[in-house]
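What follows is one structure encoded as structure tokens, with my remarks underneath.
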């Protein structure tokens, strides 16, 4: 990927909330000859990744792997368990929840959208209240985004599960974990999720191009009745082949090499250590934001995301002008504000394969970018983050608290 | 991808009709950090590949690039221009035409399938005859596989176009070029194709994971009326973003790095040289088959494929037993016989990034495998291929004839 | 390079004064099949790197490329122009000057070593004085380390040249630029250097394994009279082959692929921009050191190195204990104190392919490591560096001053 | 390494007797960030390769690894155990033995060269006879090339050892295994060799850039008395550092990553299997040569090399014109005839990471090249090789015979 532009030295800081930096081990694992996806060597790989992904989702049920990006896995989740005309209850956590709702409309579903201000995760009480009203059980599914990538707010899935149960409602629970899986604790089976959607390019540390549906027996039963036209996304095409380690059509072979490596790496570090690391970097980032005198978009700590932090710009200052300066001068990519947050927030991704020094380099870049763009702020954000990370290093228990 | 099995020395011979051997230049181009798909560097890449693919399809109209494998592009072609209940005319060239037909059924379409014996390409006369009968123009599309990967027969698309025109029928023409694009001459605009479907892992020399729809203005007009539920495959989502070099959802960034490199490589060699090379290797392979005393599945030279050759096994001999011996002893993958050809044929892929010596190594491997598996044959197939290739080298005009 | 230890997340910070971080472009360029070093494709590569290295040394004379690391190029410099029993004048800038002196002894030369306290570069006046005393011109060469990697002090080569000229002494001038070439301005021809020694793994951004001698006509004349036993290092073996783009024995082919890429990258950025970037990071680092209340080893700004900074530890604190903590907790490698500086200094490498945010991440790591290791210091070093880098970004002229 | 020339499709056939094709696993292992060669992670690597190389040389004594190519290891062998003025007995097996002899002269040694016609390996009887005459034991060493890369003849080292013993001569035995180690059985300790020289780019399947000396206690004792000026090559510098897993100066870190992988791969396949594979490909090649009606340069089967075969051209035909045609038309590199064999032989490398089908592709390329270059020959060489390899596959015992 050489370019004609003057060369920029050093390593780009990719601090968007995904795609995340792909570790060398994973890139190198993918940088190998493509093999016959109908041969015995592939079969071992197929079994390894299909089984391995269960440990990541914390499920004993099948996980479907699509050779497609995350939007496809959203569509797969809806298309397999629902039929045109079905009602679904969705919660407006932000931009991505809105996109998923718009997709539902395109697929001929009838989503009802519980509005919110994009500064918290899904409100379990509101969901429970709405489901209680639905005496005839017209809602066939409840759809929630676990980690809203546009806002840095998480939804507490165990609470959503309880809300559905409290309402005695049979709706399926569909959850998007695209920007949380393998970064923030997630438990498909324990939390009673029916379909979990995810993608490769965030906590799994891969390039984009693979996406996932984790299933439940209830979801599999629902799939039998779905009349939505589909083939590529169809679980019933996938499962019999997957059982033998194969796929019904050409899989993303080289990305699967990388996935096998990523699963190994997650287990080498330990999933709990991975989550704790994300929590630590998120807290360091929020401390920096506060030290700068800026505001975290997420307005309730209960919903803080450990994979990204959205930061509100002071009135009269354009987040994208700041982002552009930061990219030009310090070769760092930050996330833009999406739709109704456009220009009003920037997002700092701190997920995937990263570490303390990279986060501090990134926060230093934000602090310098704010200065350069003339955004009113106090110095000392990176220092505040550093103080916290040094404290965590000297007292690991403190970090976990 | 290390394995616990005893190491097999040397380079695997991947002689299936795709995925094909990925050149080092392409693997290395993909082995680079994933970038922000909403940033300025990506935009240059996006424009480069979107424009570059037009030259490969020989079209001035938009080409859609999906972060998905080829089956998805099949679904996209049907889902964008058709609506549930539509009739389509399809031709049974073989296993993949059958799969596409089955997909049409799953999508709620009503395909009519012109039967054939799997030993020729699509019969333009039969298509014309059927369309002439369709006075009410109930068929909304004619679907043809350009190169039937299960049989090694091509369909002559210019003739199919003429058949539709002769019948004065308004049906759209949809063509699958998954195993022919960038291997066998193909002209989307000149041949009046409305949707051409293709994938990354054959003539484009990439791993699987990208697929394509090349469009016509007529296809775009039809798309406006389609009621098929869809979002991921929807052209109308793609095109406005593509015009600026971006994608509506996360693209397969690293595969796009490879695609940019592949397009460069095709142009460095020259598409006509690429096609001539494939023709040469196909002819060498057929000469080997005949010298062995075996039969090429494709029964009419008019339909010979230049990307693969399917070979009929002598009665009483199992193609898969032979293939397994060849893999075990000579580390070469050959294509299996699919569905009704299972056990009766094996397929030799000779497409993608290959050359004379590799083809001769592969044909030597087939000859040795036949001996090892006890398949009755005459020696001298590899020698016959070598004689032909030596002649081509000494007389390039002869090769082109 | 997988390891059994628990995985450490993120990218290692390699802040030793070389080897330096190898850019992906260079690693990928080397990750290609080895070619025949006697064939026409190699010849193009040979000419390209042999010519390209002249631009890096700023010379019109031949540059020799050894498939060996830097110590070999030291030996080559001495072995080609000197004979056993020859006297040479060397300056004790630090550990590496001492090693070179010890090598001279091993080769049967008689070095005289001008002592120094390892806190400045070579003192041109002292050299001039000693040469003036050498009425019989017994010194055949003056050997100086341009950038003493053990101390972070540079020697001003133009002044050394002038000292030799002022003394009217015919001694050859031999200069080691292993840790300065392509990081700090260097001018082989303009400064009248006879042999410049360098290596691949610092400013050239390559792995170790290549090393260099840049020559002068006077050096070539001296080589004709050398009686030192040698063949591998012999320029006279190299030059006739190099003139045709080849080498007399097997070259380090894959490292040469990387070297070609590195030369391109240096020219894309522009050598002057490369030097200015190193100056900026060195100044930022020194500001951090001062803010911490620590002392830079180099005691005279005239000798400040732009490729590394050695930092004195407060009395009673062990630099290696601090380095070990920093490595364990923050996955950053710092340079150790060598021989007489052992335990008393640590060295921060800020050379090669790096940028502002990486340097700030690294300095944050030092600051946290100091805290963790209980080394008395004031906070605010990383902040001071950041303030300087932000100022440079907002006012490029300031940076250049 | 992109080039401006028209692209050549497919994979280059590198059939020179080294460098050999580097397996992807090894290239990928080297394509990783360079680490601190003084840190704990390096130490593990250092111990792993230093220990691993002992298994490859079949020795319990130290192996020295130089960050230099093979010519350097030749020089190291001579420079560590000999002193200027020493007499050495060398055998003229061919071009490389001659180069080693010339090197000895350059180093101030006095080699005596037992002449031969370059069509056999070292004659143990002649060595014994000469040593018997040397009553005063003036010869300090006997130097023999195990596999003469210029001729394809091996020297039987166990017999040479016996010859020295029979003569009751105390000379050291120095053996060059650059093109045989890890391709042809070799036993440093069992055969009583004092210094074995080797390099990375042949049987070890690495790019060039590492070379080796395997030692004996007698060699180590001799080294103590050597007065040859040296430092880079000095074992006494190396050994104390090696014992801790480190090196006295910067090692070829990334090549060492590859070496660790190569050692693993050799053990995965099993050294005896590696040797048998080379024997098989050598016999197949010789059968091809005979079927073409050409002559193998090595005139006595006792000396046949399993890593390369040199082929005599018919009178009046230029081997290099043939090689050039083969390279141009079939993208295959063959070895040239060296010095007195220039134009009279070409050499087919069949060593390193290769397999039956690649060898058959290569032999097909030779056969087509002979035709194209108008060299008189019979067809059927590749066929003869194929018949042999098919027989080996069907009857592994036959292959081993």
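Order as written gives the chain letters A, B, C and D; numbering starts at 1 within each chain.
Just so we're on the same page, a contact is a pair of C-beta atoms (placed from the backbone, for glycine too) under 8 Å apart; a residue touches a chain by one contact, two chains touch by 3 or more.
Keep in mind the model is a prediction, meaning the values are calculated, not measured.
Chains that count as touching both subunit C and subunit D, per the definition above, are A, B.
Note on interfaces B-C and A-C: more C-beta pairs are in contact across A-C. One of B-D, A-B or A-D repeats the interface of C-D: more than half of the contact pairs, counted by residue number, are shared by A-B.
Inter-chain spacing, taken between the CA centroids of subunit A and subunit C, is 44 Å. If each chain is reduced to the centroid of its CA atoms, subunit A and subunit B end up 35 Å from each other.
Note: centroid distance subunit B to subunit C, computed from Cα atoms, is 54 Å.
Counting partner chains per residue, subunit C shows two or more touched chains at residues 11, 21, 28, 31-33. Taken as a graph of touching chains, this assembly is complete, with every chain in contact with every other. Residues of subunit B that touch subunit A in their complex: 1, 3, 11-12, 14, 16, 19-22, 27-41, 44-45, 66-72, 75, 79, 84, 102-103, 106-108, 199, 201, 207-209, 228-232, 234, 248-255, 257, 260, 327, 333, 336. Residues 24, 28, 31-33 of subunit A are the ones that touch subunit D when the two sit in their complex. Against subunit C, the residues of subunit A that register as touching in their complex are 2, 6-11, 13, 21, 25, 31, 265, 268-270, 273-274, 277, 329-332, 353-362, 364-365, 367-368, 371-372, 379-380, 382-383, 386-387, 389-390, 393-394.
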